[in-house]
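I'd like to ask you about the structure that follows.
Per-chain numbering from 1; labels A, B, C and D assigned in written order.
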């Protein structure tokens, strides 16, 4: 019930907040694990962005339907041929150290800094020809070719603005300033008690008057999941960002009074859980075997039991939360008999397959165990490989697995979030997160290339539908679940989640009802 | 004379499962003021139990079943614990057998003395210190101001015993109970302590109940004697009565068991030497590892002697004289620093480890502690035959021989199949002898072989050794601290002090006309000498 | 031999031990699958060779192992524990940041368990065979048999969730900015549960140890002497038995310092205690080599420190050494 | 032997311990007969509390697996880990300690320094690192536990041998010309056996605790149902389904308790002085 209410309220709250906000107050938010660094330009993992999202900003934000919204850029236009992007920046924006923020900073950030440090953005920047600053408050991106998804990359985690006057000409990675991050965001870095908490305070000179509403924010480091739940119960913390407590606690906590939760705020990332299957060798190299795996799995059970009913079974490489999804594909509902037939066709000899679970907590362990049982029931032998984060990255990067769990962000557009896992050009041993399964199919490669630069949305949809049909039939990976990480918070916290990036997008609009 | 303490019909009950129901049964005796009453008996006679009962220090489950003990007009057995505590250390003092363990190792001597006053809250702290110093002086400890601050481990055995006596005297009690106070000490020290007790007893005119197993000691200090056996008093009388014409058979047996000083004059041995020790030296260096300063003790300091075939050489000396080390150095349980140990023509010290192993059978040892000298997990048969088998004797022959040997040492052949813990101390010592014989060695070294045994048992084992030696014409090296025992058995005697051989010669010469002063002092210290000479 | 000399000797030995530990662990850790670059790449959620290469160069992982080893060891001998690229600060600072918390925790647990252990042990021995004895010894057995983390979880549920007496984790009220007494109290409140959980197990051991040791000493001759002097039982127990009985307990306590520091890893994780135990576990999963090695070095040093302390205590009790 | 049994059985605690342990062992041995199905099988809907459902005496866990089955199969793992790791630890510790004590001198110094070295590394930390490096599987976990738990054995054995090698019966054996090895194994070690046995029984207990602690930190073998795994898996739901971690917790507690009771019983029956040495 509450979910619905807040959700609708949010969709109103987005552009122009509905009601008068109370100023002041302190918010305690769990951050897990402790971020390695807060310099968002260098490190873009979840925890870092959660905290640094308050400190750094980008040109745009995106509402929960992924429509661009003003941030550092108050307005923007895209030429009809899709070759020129022009952004007009807010005036009177200053860095936390008082220096003015200008278009020069934008050019430096994107063209110099991020090109060197930001692996994911680098891919998109390949389509960019030049970035120029005609005047202090205008930035112009000239493209090599039209690139549909480009408007989707101006998000803080993807394109954070970093201060030119601090970083220009320095060794970015080892710049001492990395420990005292300077951004333009609504909150300033105050103190980092390693292993305990990170303390941010209100940025008094923030360019939106009256905002932010909160006086200070504490990001609390609590390594044990159970303790985090306890912390929320005792009122030690007010907000549990998605995934910071085990799903089993989610249920219990949301049932407490004065506790609200929302599944919103993940639309941009749309985490897509799947299992890479090794297309090169072993039983999984056989298409029928991979299909058998799909039919063997009881994904509803996993959703209902392991994810407490949150999320939605994934039927395609593209998340139904983002554009270009189609349900016009094969649907692999659990079907033991069919699975057995396919195994027979595949001539599976009972050779055990190694399942590599995601070392991100109990949920994923249970999931692997459940899959193991499912496979067992159709006659596939398997063993779960135990390893930690490092080992997991190593193994999947070195293709040392048969089935490897993972979840990938969609970044609002298949060209950014999906293609990378299937392009044969993206097969590279030794680095994780690319086409690890080793799926290679020229047609699909071609279609992806085409879709990325296709001029119109309709055109793109057409191609992506084709791609999805093809992929779902080839099952290079086993798509599992469109994960929903509910954000749990006290109901008197308002406007906590206002964008498609959710809590990670900073607490600019958040306020506490007094 | 008016008794200070009179005990009537006392019985002390043992816990169920003990070898007998009562440690002491129906004993009655008086302790008169100003006398020294010796309670004599072998281990298990209940003499110590009696003493502990009087002090109220019986181990738990052991208690006084009946009887009275009147002291200063009250029956102390009937008193509540709190009252008895007041008596302890105040009216009745006690000293114990083991000076090494009877003092708290972590507490300064001074404090251990002054706490007696404290316990009975007498005197102010400063006075207490003065008193303590006085006591220390009285018991003849050197340099009181140092002693009072010293810890037990810094004192010798004799000094500790003196310290303990000082504590017992602190509140000068009416009764001093001494439980084998000199048994653990060397003869000379023993003599001194006995003197001390005597003088103190006279000075304070207190009554002393002196518990001992040694008639020599009795002869030295006793006014009256009680002889106990299996928890009963078998004989009771003045020292002279009991010593000169004992009534009870047991007393006679005990007295007979004591080796007399009548020195046998065996015909000089002419046979060729089986063992020659030349200029043997050994210095023990204890390196405290990282930081402790390395201490070194010279245990053997250029010792030379020889033993002829069929001869018994006694080596006598006090603890620390190095006598045992010599024995162990000969068999290379201790590696000598220098010197030769020649066993018909072959220098043991020159042998390699492997050569040694086979050479070893030629010298065997009989050890002191009958309880530690047999492997508790192996049958006797194994103990007697393992050696020979290793030396290449056929198994069945070795076993047969083992049984034979058991006969020889007067144990029934059935013993072979039993385990050590099924035997008494004396029996084990016999087994030890048998084990030595099993290797049929050229030389047997007996290291304090009878010291741990009661007098009567001691006598039996000595007799056994004697006629074995005669029958088998053994060469024997007999290490002991007990002059009398040495006199009994040996053809020649060597006296050791501080690792040196101070005197060596035929028994008669050494004992009757000693040349070295040290030998003289040793002989003088032997308790009860004059009485025994009288007896002889 | 003087105390100083003893400590010096210990220290001298310690240095060699520590060096050995560095060497062993260095190769152990580098044998683990994956490396920090991988981890960070993994966390970034997207990476290409260029990105990983950058990281590897930055971390100096592109050099051959022996070079890395040489660099590290030569740094350590100059007390430079290297730089944590993950945490973006020198390892030494990082550890010094966390060390006080761990010291506070372990020391308290150590002291508490030793004290209570001895007290209860004495009490049990004094009532040997009576119900008091049975109660104490069975309690000890129970704690001795209970998994540490299990106690921790239960303690949290009971004392902080149900009763709300103590905070469930952390080592200070964040942002409360207490001062003076309030701060001390606040710290103590946070300290209670972790110290308790960590201490219980060891307390149990010391209880059993003290008990048996006291009973053993009670049988010794000098105790009889003391009785013969007419001392009151209480005095005898206090002055004669206790001190002698403590020696083996102290020795044992020294031997167990290692387990104590190890146990901190679990406790700190459950109670979000910002100490080096947790740091160790985190830097292990992150393959933050330098930090991990540093933590190992420091915690080993702590163990040695504990040993030295117990050594000193021993010497204070026993004049013979 | 007989009077040993007598002395042992006079100790009530020891008997109770023995009783518990025997039960556990029986359950472990006959697990496949009691529960033919794999303990991983998801048999019912999750989070059924104990005694609530027919045929599921202890209810179901987070995935609807039979807790009772898990418990029974877990007993196997815990016992195996405990026993094997203890054996390995003994294999390292006994010879090391024996040689150190028997030969003394440099060998002793070397061996003891080596032992101290291992006692200086916080043992649980070392275990964690080892398991993480070797990746958690039953053998690696067992090995890691063994590696961190042998030093006390070495110390104990050394102490025993040191006191035994000076005994007169050992010297007698020397004089009989026995070789060192024969003396060491024929005369010295047999007499050191009892304290070693006692310690071993306690080590099995500690090993079981260690295994559970490792699993608790997620360093367990995911293919094997162990008590530690059950607690580790259940701890995230400890608030909503406390019994899931409580039941295996009790299982561990009882078993470890039993082993300790037995250890104490052995201690009283075999040698009353172990308390002084070792650990």
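In the analysis below, contacts are C-beta pairs under 8 Å (C-beta built on N, C-alpha and C of every residue); 3 or more make two chains touch, one makes a residue touch a chain.
In this text the structure is predicted, and so the values were computed from the model without any measurement.
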B-D against A-C, pair bridged by the larger set of C-beta contacts: A-C
Approximately how many whole Å separate the CA-defined centres of chain B and chain D? 47
Mean-CA-position distance for chain C and chain A (Å): 40
Roughly how far is chain A from chain B, centre to centre by C-alpha average, rounded to an integer in Å? 88
So how far apart, in whole Å, are chain B and chain C when each is placed at the average of its C-alpha atoms? 50
Touching two or more other chains, which residues of chain B qualify? none
Give me the residues of chain A that touch two or more other chains. 226, 230, 387-388, 391
Multi-chain contacts only, two chains or more: what residues does chain D have there? 132, 135, 235, 238-239
What pairs of chains are touching here? A-C, A-D, B-C, B-D, C-D
Contact residues on chain C for chain A in the complex? 32-36, 38-52, 54, 58, 86-89, 94, 97-98, 101, 153, 156, 160-161, 164, 167-172, 174-175, 269-272, 274-275, 278-279, 282, 284-287
Residue numbers on chain A that touch chain D, as the complex places them: 225-226, 229-230, 246, 248-249, 251-252, 301, 305-306, 357, 359, 361-362, 365-366, 368-370, 372-373, 376, 383-388, 391
Name, in rising order, each residue of chain D that touches chain A in their complex. 38, 40-42, 45-46, 62-64, 132, 135-137, 218-223, 232-233, 235-241
If you look only at chain C, which of its residues touch chain D in the complex? 13, 17, 20-21, 25, 28-29, 31-33, 141-142, 144-150, 153, 157, 161, 205, 208-209, 212-213, 216, 248, 252, 255-256, 258-266, 269, 277, 280-281, 284-285, 292, 296, 299-300, 303-304
Parts of chain B lying in touch with chain C, wherever the complex brings them together: 55, 57, 85-90, 93-94, 96, 98, 101-107, 115-116, 119-120, 151, 153, 164, 167-168, 170, 288-293
